[in-house]
Every structure is written in structure tokens, then in C-alpha cells.
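Paired with subunit B in one complex and with subunit C in the other, subunit A is shared by the two complexes that follow.
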Partner chain A sequence: MKKKNLAALLLAGAMCFGLLAGCSSSADSTNPPASDPGSQATQPAETGDVGGTGEGVTIKIGGIGPLTGPNAQYGIATRQGAEIAIEEINALGGIQFELNSQDDEANGEKGVNAYNNLMDWGMQILYGCTTSGSCAAVAAESYNDRVFQLTPSASSTTVTDGHDNVFQLCFTDPNQGKTAANFISEHKLATKVAVIYNNSDDYSTGIYQGFKEAAEGLGLEIVSTTTFPEDTTTDFSAQITDAYNKGAEMIFLPIYYTPASNILIQASQKGYEFSYFGCDGLDGILTLEGFDTSLAENVYVLTPFDTTSDAAKSFIEKYKAATGTEPNQFAADGYDCMYALYEACKKANITDGMGYAEVCEALIAVFTDSGFSVDGLTGSGMQWGTNGEVAKDPLIVQIVNGAYVNQ
Partner chain B sequence: MSKLKNMKQTTKTSIFTYALVIAAYLVIQALLGRGMLSRSTQGQLVPICCYIVMALSLNLVVGVSGELSLGHAGFMSVGAFSGAVAAVSLEGMVGSPALRLAIAMVAGAALAAVAGVIVGVPALRLQGDYLAIVTLAFGQIIVNILQCVYAGVDGGGLHFNFLDPELHMTNGTPIISGPKGTVSVTKISSFTAGFVLVLISLFVILNLVNSRSGRAIMAVRDNRIAAESVGINVTKYRLMAFVTAAALAGAAGALYGLNYSSVAPVKFDYNQSILVLVFVVLGGLGNMWGSIIAAAFLTILPEAMRGFEDYRMLVYAIVLILVMLATNNDNLKALLGRLIPRRKGAADNG
Partner chain C sequence: MMTFLTNLVSGISLGSVYAIIALGYTMVYGIAKMLNFAHGDVIMVGAYISFCTTSYLALPAWVSVIFAIVVCTALGVVIEGLAYKPLRQAGSLAVLITAIGVSYFLQNAAQLIWTSNTKVFTSVVGSGSIKLFNGQLTITVAALVTVAACIIIMVALTLFTTTTKMGKAMRACSEDKGAAQLMGINVNRTISMTFAIGSALAAIAGVLLCSSYNTLIPTTGAMPGIKAFTAAVFGGIGSIPGALLGGILLGIIEVFTNSYLSSELSLAIVFGVLIVVLLVRPSGLLGKYVPEKV
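Presenting the complex of A and B:
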């Protein structure tokens, strides 16, 4: 018995060391876009001069997002999108970005830990967090410390409320709901709408509330409102049947694509014919493995990511080459964040010697300046108000023959 | 010296446990004073205190009372949310943040104790696996309920609503906002408050365990039928341990909730309960100083391993397995016994 115990201990030890050994090399190879181009690109600046004002400036950007856990797909997408942008930016010469991404498991406590870790590292600008819950906790910290924060995808209003240093690249949740209601009523897509939303999710609840408010004023009738919690996302027959019985023509789905795919499948199995309208969480449904994309035919998606532009095509190509997967709007948001920061840093003449508080005030002045606008994959002419919310045109697409068609 | 030798083993352990906590506090304060702690370590001090109290209180249920509870985070969430409501609504009336924190912790403890009674009375008639399932369900139910609660405060007092975010306030401050959890809470938790809470929890638990009631609780754990036959009211003593643990978890929750400007209810799901259970099992059932060390160690560990990047959680799990194996290895125990003669006696005893 004792021998067995010892053997188990030794085996576990060996496993651990094996992993550590493997880890050090693979960790390097998974992260080349973040560290390698940065270090290479600073070399010409040190040795020589290519002209320009921002030469030799390496700005430390701290990134926070879920890299492990059930929300890792979103955090990894925003990180990889940003890394692709940084690779391009660093290749331009001039201002160099160095991104240090830390994991928060989509959890406020871990988010604050990650934030403190990045402060120890010497972060000058904060890029994140990916998820709203963690971002709300971190935004209070960055506000107290005066660190400039730009989030790619934390769309809750609590993130920016009362925090003049926090800016969003995505639409806020209530805004998405309002835009969706406006579009449905303007294009007369339906008059009787059912809503299925995730009531344990801040994002989903926020959109629903914005949608409900706007729908009342537009004469849209919400005939059925059903919810589901985070941990039961497989069976939606009760919700679908309720929508059908109350005569809904359209189901509004302010949820993520995985549960939405189950709703589409189960409604088609029951033979119910609805039209569907989803928000940016639905973006990615066409890339879902094992999902019959014909079921998503004619579905409307409110997404900021216009995949048809030339810039988007080049981004998609690079993203595929780097990761082997299709980018979704999270990746595009991350990509745009880096360019927004790049433009702002150029305009504010940020240098690597500046402390985070100094950088913060300079960047706030640039971002809230009415003359500052950024063109990106998720919208052109993006501008920010003093409340940190972005102003850009929403884009609504319809899925036709398995591809997005702009509306 | 002879006095120390004549002391009971339990008294010695209690003194050691208090000394451990106080020494750790003094060392950390000294390091803080000299600015030798990184921000990332400083940021973890309060959560570590919360998790220590969580582990201590769960140890009372699992180790001392012998019931498997899988919903301990539920009590923590009750404490966190009621503590936040108390602290925010008293902001205008009670100026001192320390006093407000104390009131919030008392409020959190009281409401968590009420929740403990509500769950405990029916659940403690069950045993073993059944109790585990009921407490697991409680943990889920409380998270789902909290996701629907909206609360705010204005000049006219507190406003509550269920499912509907409209609170009909005039210039009010929202406190709880459905799935977002607590919103825009002012941080008032401090490391010293956490230290005091750990000391109070230790005091309550060690005194309870070494009292007449504590012996009754352990008698029920060791042999329920024998305990009943000598006239011990089984449900009463099980409930006593359960509710005490719930109240302490509530106080820890209030401290935790007031350390972040926003805490979502999902934070308190079953993963959190299991995490606290891991602290208890790793530290040793019924072993209070073990729980303290395990909670502190396992809270720091994932942060200390940020260097591993994507492999962090995998390494964390492996380290956990290693520690479990190492602490239960007879050879290692014997080796430790040989190195530290004092421990040999302790190892022989149990």
C-alpha cells in the first residue's frame, strides 16, 4: 500500500514536471504576436531612426479577459484579434505596443487580481475586460488609480457609469435592444414578437430591457417573454411552444449562439415557422460545429462586424492563418480597440516614459474630442462621448445561403 | 514550561491556531509598512481572509458536525448581498466606514443565519448524501433568486423589486441589479477587518467545539444512535453547528461583497462551494489551523502561477493532486515526525 502511494506521488510529480518543461516552450510559441514582434520592432528604433515622432516608444498595454473556463472562447477571441492588430501596428514602425494578457475567468475577483498583477508589471493602458461582470469590478479600480481603460466587448452600462476613464468599443446592451426594436418596426418584419432571454446573464437581460422599452413606444407587441438560466441551455420546448401558442411571428433572441442554435433546431423539429432576430451574441452561429446552417437561413443578426469589406477580408485571412478558426465579432472588436488606441496615442504623443495617470488624462482628452474618430472593422467614424459609450452605425445582416448579407 | 506540558492537547492546538493568525497578521502588517508587498499580493489579502472564514465555518459543518454541505457559498451570497444593502443604505447616516462595515457584517451574518435555519430545519432531518443534495440545491436556488432581485435606496428608504428592474425611485442609488449583482458599491473592506473577523470566527468555533455543546455535536457525528440513547437532541445540535457556520459565512460574504464595487450572483455558484470544501478537505477535517493554511495557500496559488499563462489551471489542478498525495503519505509523515520530535507525539495520537 505504501509503495503504491509513493508511486502515485512520483507519477504525479513526473506529470507536473513534464508539463512545466513542455509549458515553457509552448507558452512562448503560442504567444508570438504579443511579445516577439514587440521586441524585434524596438530594435531598429534603438539602433537607428526611420523618422517620425513616436520612434522607439513601446507602450505597455495590459489585457484582461477569460482565457480559461466556460467563457474562454470570448476572451481568447478578443486577445487574438488584438494581437493581430498589434502585429500590424508594430510593423508600421513608430509607436510600438506590447500586450500582456491576463486571465480573469470572467469573474470580478480574478479580474481585480489580474488588474493588480498588470499594475505590478507597469501597465500604461488597460485593454479589457472582455466580459461585463468582471469589467464592472475592474473599472472601479482603474477609476481610482486613473488608468485609461478601453473595453472591446463589456457592453453593460455599469462599466462606464460614473467612470470617466472607461470607454467601450461595443454598443451598450440597452442600445442594442432599442436598435433591434427600431429595425423590426421600421422594416415591418413583425408586429407580434416573442422574446427568449437568459435571465442569469447581464448582457441578455440588458438587451431585453432596452428592447422592451423601445417596443412599447413603437407599437411592437411582445406576446411572450420566456427566460432560461445559464445552466439549462439544452431544452427550449416550453419557451418555443409558449411563443407559438401566443401567435408570435418573430422570436427575438438576445442570447449567445450556442443556446440560440438549440432554439432553431427545436423549433424546426416542432415544425413551427418563426422569423428570428438576434444581437451580436448570435454572431458565430454559422461557424458552430455540427450545426446545420440551413436552419439559420433568413435569421437577422445585429452585429457590428461587417465581414464584406476589404479590411475585414484581410483580417479574416490573417486570423485564420494565426489560429485556424474564423474570427467572430469579439475578435474584430479587439482588433479595432488596438487601432483606436494607436490613433489616440499618436494624437496625444504618448511616450513610454509616461506614467499611467498621465497617459489616462491625455487619452481621455483625445477620446472625448469631437474631432477624433476611428475607422475599423466594426464601424467607420467611431466616436466617443464623455460617458464612454461609442457612437457608430449599427449594421444589420440577414443570413442568406449561409452567408451574411447587409441589410 | 511545566504548565505548558500539563495543558490539554486541545488548548495547545487552540493557542497555536491563534498564534498562527496573529503572527501572520503582524508579519504582513510589517511588510505592508515597508512597502514590500506587491499590489497583486495586497489585493488578495481581503479575499484570503474571507476564504479563511468560509473554510473555518464549513469545517465546523463537515469536520466537527460530520455533515456534507455543498451549498456553503449560498450563505456567503446572502451575506454579500444583505451586507451591500446595509452598507450602501447607511452611507449617509453612519460616517465611519469601519463602523458601517461592522454593521454590514452583522446584518450579513444575521440574514445568513436566518437562511441557515430555513434550510437547516428541513434538511438536517436528512442524512449523508441526501443532505449534500439538499444543500447543493439550496446553493443553486439562492443564486437563481438573487439573479431576479433588484434593490435601491433613495430619500424615502429602501426599494425592492422582483424580476422587474423598475424601482420607482427619485434620485436613488441602485444597489442590487438582477444578474449584474451588486452595483457601484463603495469599497470599505480592509485587511484589519478581515483579520478581526478571522479571530472572531476562530473564537466562536474553538469555544463551541470545546464546550459541552461541541462534545454533543461530535457525539452525534460519531454515533447518532448512541448519542440519542443518552438523551442528546440530535437535530438541535446539528442545527446549532449548521446555523453558526451559516452566520460566519454570511459575515465573510459581507466582507467579500464590500471589497469589490460589483459582485455578480453567479460568483457564488456550486463551484465556489466546492472550492471551499477543497480548502477544508486539504486542511484536514476538524483541523482549524489546517483550514486556515489551506485556504490561504490555495487562494494565492492560482495568482502565483500566472507565469504559466494558458496552462495555469492545469498546473493548479496537478499541484492540488500533489499536495493531497503528499499530505496523506505515511512515509512523509514519518519523516516529518523524525525531523520534528514534537510532532511525533501528535502523529501517534492521531
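Presenting the complex of A and C:
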């Protein structure tokens, strides 16, 4: 009997160990292994740091975004885009950037942990977070500590509200909603619209509210408004049926691509025909593994990334060479962030000896200066207000033959 | 009215998946007197195996289902042999914690093998639908197949436990393990067999679940697993018809709450039902009340 108890204890121990081993290895995967092409971009910066202390300054940038988990596609794209920009910037000589990317799995608690790690590392500027929920949690910390923060894609107003140190490169959620409503009414895409949004998510709720306000003034009728509680929700039969029964012609999807893919599939299985309009969260749906892209045919997506310019073409080429995949707008946002920081650092004469708080005040002064504007892949003449919001025009694309076509 | 019918169909289809999963819980509980919390994750493994067979090996859907069943059956037997068998004489708490450990182990292993990126599962039964009443009522083929599979499994399992030798051995074990052993029944083999059947059912449930709700991530099985456990307790754990009744009622409750009340409340109500049932009928709707002699 004693032996059996011992065996049981050992086995339970082995199980727990297995559990821990599982955790640690998943945590390892958050730091990209050396073979990951994306991490190469940081290497020249590091060797440059060691080799040539005399030339230029190396600025330490901390990056936070989901590198694993259901929203990993966004975080990996923003990291990758930033790394391509850093490679270019470092090749110019002068100011050198060093990026340390941490994983937050799109979770606020893990985001704050990542932030603390980066503070220990000696971060001077914070680049992130990729998603709004985590970004709002981290912004509260960075505001207290006085760290300059530029987010590529966290579009909720909760990120910037009351935080003078936080700036956005993407446009805000309510603004996206308004633009979408304007576009639908201007191009007479539909008069009866259904909305399915995630009401536990700032991003989704923010766009919905902006959309609803604008729609009322434009004579767009929102016939069905349904919600779901989390991005891992898989059953949308009730929401789709409600939209169908109330005669909606179009479903507005201010949500991320994973639940959106479920909605597209389930509506098609039921044989319901809607047109769809999504926001930047839908970006990524075409590269979802196993997803039949023909289901996304004719879907409208609001995105700031104009893929037709020369600069964009060169970026797309580099991105493809590094990752083997097409960049989405998140990658372009990340790329633009680095150039915005580069221009601002040049203007403010940031050096590697400066502490984060000193850097923060200097950069805030530059960003809010009306003479400071940045041309990037996601818009030209981008300017920032004191509320941290960016001024630029959104672009609307339609998916045709599995690719974006400008509208 | 049509909304009501559409929801009813969705509910029965979702409930059928819960019922098939609940069978795995109920059989294992009935015979080994343990809660196999890793059952939900075996579902996930089944779905991933099917996904890989169709996507990477480009084999037809039916081959992928058979492959998933074979892998999951083996997995179930291995889990039982490695993790649970050595704990046969240990307290129920040790077994419960081990089961939770196995569950996390499977989730993390899946994350290592298949990464945490969402995969979109293509329905193994095609994506068609049948329209009734001038197209007002739409029933997807996936839903029909799910309900049909559930009924076939229930009938087959009932016949198995009542007519075959192995089935009778299982029932004997669930009545009294010690007495069954004295009658010459190999209890260990019977328990392994139960795990094998339960895991094969989990594979089928995984494929059906993902055919209706198409995204696949390493935690896909966790929530349906817990809901199916609720269904098993709701219907009376240990009882096969109880699993069917509990599963279908739970599916209907979930879809109706989602549709008529709110999507945030659906989970609260599903688990609220569990609490109410446990208060009113501690042994579940069709469960037998066995007084414990002190």
C-alpha cells in the first residue's frame, strides 16, 4: 500500500512537471528562436552596439504584442514590420535602434509583466501594445513611470485617454465606425445593416458606437444588433439567424478575423447571402490556415495600408523575403511606427545616455508640434494631436479574387 | 416561429455533440468512478488529427475520421494505462488532480505541435444546407449528420452494454468492482476498454463539433468538455440515456439563451442549471439515487 502511494505521488509529480514543462516551452516560443527570420533584424543592431560604440547612438525600444495565442497574427506582424524598418534605419548610419519584443498574448496582465521586463532591460521608448485591451493596461503603467509609448494598432480611445505620453499610429475606433457608416451610405451598399460585435472588447465596442452614431444621421437602418462575449466564441447561429430574419442586407463586423471567419462560414453553411463590411481587425483573414478565401470574396475591409505605392511595394518585397507571407496593415503600422520614432528622435536629439523620462518629455514635445509630420505606408502627412490621436485618412478595400483591391 | 424552429434545430445539433461527449464522461464515471477531465482535450486531439489528415496528407474526409478515432482510442488507452491505472487504489482527489494535469498536458502539447494559431476546420460532411418552408427554415447538413450520429451512437452503445459479453462485464464492474472480479471479470481490461470506447466517441465528437463550429485552437475542447460534463451530471452521471437527455437539453438551453436573452448570460445560465439540478435532484434527471451507508 505504501509503495502504491509513493508511485501515485511520483506520478502526480510527473504530471505537474509535465504541466510546468509545457508552460515553460510555450513561454520560450514567445522569444523568437534564432532561426526565426524576424529576429535577424535586431542582430545587426546588437553587433553594431558592441562593435562601434564611437559611431552614433543606440536607442533601446521595448516592443509588446501577442506573439502567441489567438491574436498572434497581429503581434507577429507588428513586430516584423518594425524589424524591417529598423534594418533600414540602422543601415542609414546615425541613430541605431534596438528592439526587444515581448509577448503579452493580448492579455493586459501579461502585458504589464512584459512591460516590467522591458523596464528592467533598460527600455527608453515603448513600442506597443498591439491590441487595445493590453495596451490600456500598459498605458496606465507607462503614464505613471513617464515612458514614451507609441502603439501601432491599439485603436481604442481608452489607450490615450488621460495619458499624454501615449500616441497612436492607427486611427481611433469611433473614427473607424464613422468612416465605415459614411462609406456604406455614400456608395449605397446597403440600407438595412446588422451588426455583430464583441461587447467584452474595447476595440469592437468602440467601433460599434461610432458606427451607430454615424448611421443614425445617415439614414442607415441597423436592423439587428447582436453580441458575443469573447473571441473564442464559435457558435454564431443565433446572431446570424437574427440578422437574416430581420432582413439585413449587410453585416457590419467590427471584430477580429477569427470570430469573423466563423460568421462567414456559418452563414454560408446556412445558405444566407449577406454582404460584409469589416474594420482593420479583419485584416489577416486571408492568411488564416485552412480558411476558404472564396467565402471572403467581395468583403469590404477598412484599412489604412495602400499597397500600390512604390514604398509599399519595396516593403512588401522585404516582408515576403523575411517571412514568406504577405504583409497586412499591422505590419505596415509597425513599419511606420519605427520611422515616426526615427524622425522624432532625430528632431529631439535623443541619445543613448538619456533616461526614459527625459526621452519621454522630449518626444512628447516633438509629436505634438504642429510642424512635425511623417509620411509612411499607412498615410502621408500623419500628424498627432495632444490627445495622442493621429490625423490621416482611412482607406477602404474590397477582397476580389483573394486579394485587396482599392475602392 | 421560424426563428424558434431554427434555434431549436441549432440547439439539438449542439446538444447532440454535448451528448456524445457526455457519454465519455458518464461511461468512465460509471465504471472507474472517476471524472476524466482530460476527456475534452481528447476531443481537441481528434479534431487536430482529422484536420491534419485532410489538410496536410490530402486524404478524404472519411479516412480522416477513422484516423482520428484510431489515434484517440490509442491515446485514451495510453492515458489510462500511464496516468490512471497506477492510482486505482489511491483517493479520488489524487485521480481528479491527475486528470486535470493530463488535460493541461494535452493542451500544452497541442500548442507545441500545432502552435496556438487558429486553424479553420473544413466540415467533413460538406457545407450544404436544406431549406424548408420556402427557405424560412434552414438546416445545415452538418447539424443533420451530428444528430444522426448521436442517435446511432446511443442505440449502438445501449445494445453493446445490454447484449455483449464485454458490455455486461462493464455493467458488472459499475455495480460492484470487487464482486465482478470474484466472478472472473478482468476489471483492468474492462476499464481500459471503457476508456477506448470513450476516447473513440471523443474523436467523433471532435470532428462533429469542428464541422459545425469551424475554428480549431488547442483549447477548443476545454469549454465543450466542461459543458458536456455539466450535461452528464444534469442527466444523471453514470446513465447513458441521461447523457443524451442532459446533452440535448443543455444545447437547447444554451442556444435559446443566446438568442432570446443575451450571449453573455448563456454560460451563466448553463452552469446555473447545473447548480439547480444538483440542489433539487442530486443524482441528476435519470440518475439512480444510491444512499451511502455510513
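Note that in this section the second predicted complex is superposed on the first by the 349 of 407 C-alpha atoms of A that agree within 3 Å, B and C clash if a C-alpha of one lies under 4 Å from a C-alpha of the other, contacts with A are read in each partner's own complex, and residues count from 1 in each chain.
We take it that a contact is a pair of C-beta atoms (placed from the backbone, for glycine too) under 8 Å apart; a residue touches a chain by one contact, two chains touch by 3 or more.
None of the values given here were measured: they were computed from a predicted structure.
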Based on the superposed arrangement, let me know which partner A:Asn262 touches: subunit B (first), subunit C (second), both, or neither? second
Between subunit B (first) and subunit C (second), which, if any, makes contact with A:Asn199: first, second, both or neither? both
Check the residue A:Tyr272 against both partner chains and state whether it touches subunit B (first), subunit C (second), both, or neither. second
Contacts of A:Pro229 with subunit B and subunit C, given as first, second, both or neither: both
Which of the two partners, first being subunit B and second being subunit C, lies in contact with A:Glu109: first, second, both, or neither? first
Between subunit B and subunit C, whom does A:Thr68 touch in the aligned arrangement: first, second, both, or neither? both
With both complexes overlaid on chain A, does A:Gln209 touch subunit B (first), subunit C (second), both or neither? first
Pick one for A:Val405: touches subunit B only (first), subunit C only (second), both, or neither. neither
Under the contact definition given at the top, report the residues of subunit A touching subunit B in one complex and subunit C in the other. 5, 8, 12, 15-16, 19, 23, 26, 68-69, 199-200, 229
In the complex of these two chains, what residues of subunit A are touching subunit C? 1, 4-5, 7-8, 11-12, 15-16, 18-19, 21-23, 25-26, 29, 68-70, 72-73, 199-200, 226-229, 232-235, 237-239, 241-242, 245, 258, 261-262, 265-266, 268-272, 288-292
The subunit C residues in contact with subunit A across the complex are 2-3, 6-7, 10, 14, 51, 55, 83, 86-87, 89-90, 94, 97-98, 101-102, 104-105, 107-109, 111-112, 115-123, 127-129, 131, 135, 138, 140-142, 212-217, 219-220, 223, 255, 258-259, 262-264, 267
In the complex, the residues of subunit B that touch subunit A are 38-40, 42-44, 47, 140, 143-144, 147-148, 165, 177-181, 183-184, 187, 260-267, 302-303, 306, 308-315, 318-319, 321-322, 325-326, 328-331
Contacting residues of subunit A [partner subunit B, same complex]: 2, 5-6, 8-9, 12-13, 15-16, 19-20, 23, 26-27, 30-31, 67-69, 102-103, 107-110, 112-117, 119-120, 132-133, 136-137, 139-141, 156, 158, 161-162, 199-202, 205, 209, 229-231
